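What follows is subunit A paired twice: with subunit B in the first complex and subunit C in the second.
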Partner chain A sequence: MRVWSLLKFYTVLVYAFTFAPIAVVLLLAFNSSQFGGFPIEGFSLRWFRELAENEAIIRALRTSVILGLLTALIATTLGILASLALVRYRFPGKNWITTFLISPVLVPETVLAVGLLIFLRWLHMPRSFALLLIGHSIIALPFVVLVVQARLIGIRRDYEEAAMSLGANPMQTFFQITLPLLMPAVFAGALFAFTISFDNITATIFWRPSGMETVPTQIFGMLRNSVSPEINALGFVMICITVGVPLLAGALARYFARKKI
Partner chain B sequence: MARVELKSVRKSFGAVVAVQGADVVFEEGSFTTLLGPSGCGKTTILRMISGLETPTDGDILIGGKRINDVPIHKRNLGLVFQNYALFPHRTIGENIAFGLKYRDVAKADMARKVTEALDIVRLPGVEDRYPSQLSGGQQQRIALARAIVIEPDVLLLDEPLSALDANLREEMRVELKAIQDRIGVTSIFVTHDQSEALAMSDRIIVMSAGRIEQIGAPDEVYNRPVSEFVANFLGASNLLDAQVISRDREHVVLETAEFGRTPVPLSHAASLGDGPAAKLMIRAEKLTLAPVGQGGATAKVENVDYQGQLARYFLRVGDTPMQAMNMIDGKPFATGETVSLLLNPDACAALPPKTGAS
Partner chain C sequence: MPAIPADRRPWILLTPALLFITALVVIPMAFILVYSFYENIDLAVDVPAFQFGNWQDLLSDSYYHTAIWKTLRLSVIVTVLAAVLGYIPAYVIAMTKYRHKWLLLLLLILPFWVSFIIRTLSWIHIFGNQGALNGLLNLLGLGDLEVQLMYTEFTVIVGFIHVFLPYMILNVYVSLEGIDPNLEPAARTLGATPWQAFREVTLPLSLPGLAAGSLLVFVLTGGSYVTPLILGGPSDFLFGNLVYDAVVTELNWPMGATLSFALLLLLGSVVILYSRFMGMDQLAKAFGR
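Presenting the complex of A and B:
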């Protein structure tokens, strides 16, 4: 018994240690005090209002959302195509290509970031939003490929063969049969890609053109001056997006699944 | 409906030969079974006819036209799979109508055809359900309905009954054959189950190791096998080493250590060569046990496998192990008993001494 209660105590402690900082940010976001710290003086939405009026932050938020959505679009499209090739076809060098596609996960982000920058320098291209987008897509692609590939292996060839025997050409078979069956994985992959892009800071610092900020780099920049209570409010918003979007997606997926059966 | 023809069709995967030189004609409206153990090439032949595999050599003709280079979606075939392969995200109605969308069928006709197809497979009114809401047997009926609703030239069935449990399998077997009789579509059925093959087919093609061993009607393949492989694969057989003693216009006389001289009808010795050596094939159910002293060979019962109306006896004649299957009349013979073993020469077949290495 003593061992068990000790274990429980430690478990609670570990969770408290990991979640306390997040709780602090969430709580302080509603603190009316001028200074971002305890004690809490009163409940207020003042910092959210200031956040909404801060043009730099709104611009960063817009950049992050657009970047995230486009990254999701590109990484998911490429991820589906790559998975189809890797799972459904046999060709020489397949294992090398798989390793190559997954490698951005294994390579430290800083190395990847510097590498891409040097490559662009060599091509005499300036840093741009497009570069940032390409970079984020490279980082997100492995996650999409892994998720989609796993699902595709589970979709038996029979379905596609049956569709073709009934008269659907390969393209029609893909859109009528394979893609709908793949949809949960496509959705999950797109979410991964969006979240990865939205959260990324290391590589983004290297790649962003001067003057462009994403939400993480904006927060990073603001922290260098002072810990403004606005940052707590911004943190609250970020947590809502990165936690809320997958939760919402999960709920939607369950809703549609229930409607079907 | 169409005739299907294979002309010296060969298929190899790298160094592995899956099908070697198959020459077969599937007659219009016939029901033909490709029978053999797994890996014998039967599924490969089916997949080549369907267009899912391309022959390495040779031609495939459907309705007299060479279709080697016609892609699967332009061949107008009905394909039924072992695992049903119903689209899980589509309703039963949508599943059946899937093939009609790619043909010139008006919307109103489509609904009518779906209803008709469901009537044929005796599952009316399930249009709005999803495949996961149906049992395995029902799903396979839907898969059949989906394949026949497009009025295919050829119906290809790839072990469609193997995923069903035993009772359902027999019921579906009867029904599948009845449906095929009714719509009269040329059907090619792949199975490793000999009783399915014998019960359903007009003709059976027995395959082994990529080669066609024998083509014939069920009773032909069963009673007059041309090779040891066919004799062993269909039913339980005894194969005894024999010497050819003499031949006349009706019989070939074989001599075995166990049964002495046995005159085998010539029609049961089609594959026998000119040499002196042969094998005498006796079906287990054509070998009768009798109380000792009734002639024939003397055998010792080593084991009895009691099956209700039948008993399967494992016997030894001298040093030769043999099998017999008899109806039980009164009390079955017991282990350890010595019995007389009688054979009917007209139910025997003469085979070449060693087959499979041609």
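Presenting the complex of A and C:
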């Protein structure tokens, strides 16, 4: 069918549009030229070495990772509890509650950032790491609820009921039956929250205390002049973290799931 | 442990999240409104007041009108282009009988994991002075044709589409995937041409996904300010850039609050309009994957 081939070709072009620029960054990270762009003069790991020696970048990387992990902890805890309520129980006003939990997604991040900032200003609290943390958590929470909810629907309640009927108390049931079954959902939610925090720049620029940089704001600051080769190398590292970790986690989850059977 | 009555359990589970959102989203929104009536005196100095000076500035200064117009125009352009670019791939992924369909889906989700700022700055490598495009033209001996596309509205639009297109494809895909695969063949046996079958069966049934994707792309574009800062020239600013300038550069908090609230009203009315017609269910579907 000729039309179908055309549509497939079109799709390939859109995929190329999506990935070509990313591939260019990955490629240029290994360019030995002292400029960040083309032409490619040779293969070199020089920019990764310089990256490892750049204290500002290492500090930003550390801030981003810690912030991401703590955001994942808060957003996933709140998100799992809320999702359990939404999936496991029937109660009046459920649709409203769901919409309310998802609503932060629909508030422009710029507005969310200014609002929280003004609220803290009124409370006479300066910008701090804590502001970044609760801010990132609120941005991640709706996504965690959506992702976790979808995974929870797949878990049957029979196992819990069986444990209860065999004499386990609610606490035992939760920690020995429910939580292990929940783990994939917990993990998916946490990964998503980490990525959202690690990637955020729009709100972070407003919330960060002066002198504190996350990786995206650090890159943003470095961009003022031009794209330096270090940025390409840093981009390579970031992509390895945010793409590599979920892919690896997914592959491992599959591997262990297969082993069990 | 005394048993908690079943009808209270969901509320106990929900309380932390509900309190969190109320304290960090709902209350701050109210504060933006209150602050928009405050009076700015000097850099970062403002006094509580109830006056409409900031709102008057917003409504009378043509600079702000230009920004609103630019924002709406750019958001519409990006949304329409994303719909045009995104529909066909979503259709192909949904309908393909390719054995490794999971791979296509994975590649569709993958861009969400690649840092926004890296994806945005990557276009400097394509359109910049040392970019791939001009390099290619030189290589072909067409050096005279060298084009200066960087730091224009064009690059801003390309950057936005690149970042937000996956939202569109994913939403359209989810709605196409939910259509009964027997419907199109049924229309064909009843005598419809392939194009008719698509136009009268598949397309209408996929509209909820297209609408959800469009809403997301529109709202995300309309609320941005970082992309124009990286890829645009001095005249490429959105309403979000005015908020950024007022709060970060000028430290004029009351004006920043006024502009933020105006942005919320502008984009919020689009969301409310959407939810009146489509409801909020479709939006949740795409993320549940």
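In this text, the second predicted complex is superposed on the first by the 240 of 261 C-alpha atoms of A that agree within 3 Å, B and C clash if a C-alpha of one lies under 4 Å from a C-alpha of the other, contacts with A are read in each partner's own complex, and residues count from 1 in each chain.
The working rule: a contact is a pair of C-beta atoms (placed from the backbone, for glycine too) under 8 Å apart; a residue touches a chain by one contact, two chains touch by 3 or more.
This structure is a prediction, so every number in the text was calculated from the model and none was measured.
After superposition on subunit A, the partners subunit B and subunit C are seen to fit next to each other with no clash. Applying the stated contact rule after C-alpha superposition, one finds that A:Asn169 touches each of subunit B and subunit C.
By the touch criterion defined above, A:Ile177 lies against subunit B but remains apart from subunit C after alignment on the C-alpha atoms of chain A. By the touch criterion stated above, A:Tyr15 is placed in contact with subunit C alone, subunit B being left untouched. When the shared chain is aligned, subunit C comes close enough to touch A:Gly235, but subunit B does not.
Contacts of A:Gly221 after superposition: neither subunit B nor subunit C is touched. Of the two partner chains placed around the shared chain by superposition, subunit B is the only one that A:Asp158 touches, whereas subunit C remains out of contact.
Vectors from the Cα centre of subunit A to those of subunit B and subunit C enclose 100° in the overlay, to the nearest 10. Contacts of A:Thr202 after superposition on the shared chain: subunit C is touched, whereas subunit B is not.
Ranked by how many residues of subunit A each touches, subunit B and subunit C are led by C. Here's the short version: in the overlay, subunit B gets within 7 Å of subunit C at its closest Cα pair. Shared contact residues on subunit A (touching subunit B in one structure, subunit C in the other): 169-170.
Against subunit C, in their complex, subunit A makes its touches with residues 3, 7-8, 10-11, 14-15, 17-22, 24-25, 28, 35-39, 77-79, 81-82, 84-86, 88-89, 91, 97-112, 114-119, 121-122, 134-135, 137-138, 141, 143, 145-147, 149-150, 169-171, 195, 198-199, 201-202, 205-206, 215-216, 219-220, 223, 226-227, 231, 235, 238-239, 242-243, 246.
Put simply, subunit A touches subunit B in their complex at residues 156, 158-159, 161-170, 172-173, 176-177, 180-181, 260-261. Here subunit C touches subunit A in the complex through residues 1, 3, 6-7, 9-11, 13-14, 16-18, 20-21, 24-25, 27-29, 31-32, 35, 85-86, 88-89, 91-93, 96, 107, 110-119, 121-126, 128-132, 135, 162, 165-166, 169, 194, 219, 222-226, 229-230, 240, 243-244, 247-248, 253, 256-257, 260-261, 263-264, 267-268, 271, 280, 283-284, 287-289, going by the rule given at the top. By the touch criterion stated above, subunit B contacts subunit A in their complex at residues 50-52, 71-79, 81, 83, 85-89, 98-99, 101-103, 130, 132-133, 143, 146-147, 150, 156.
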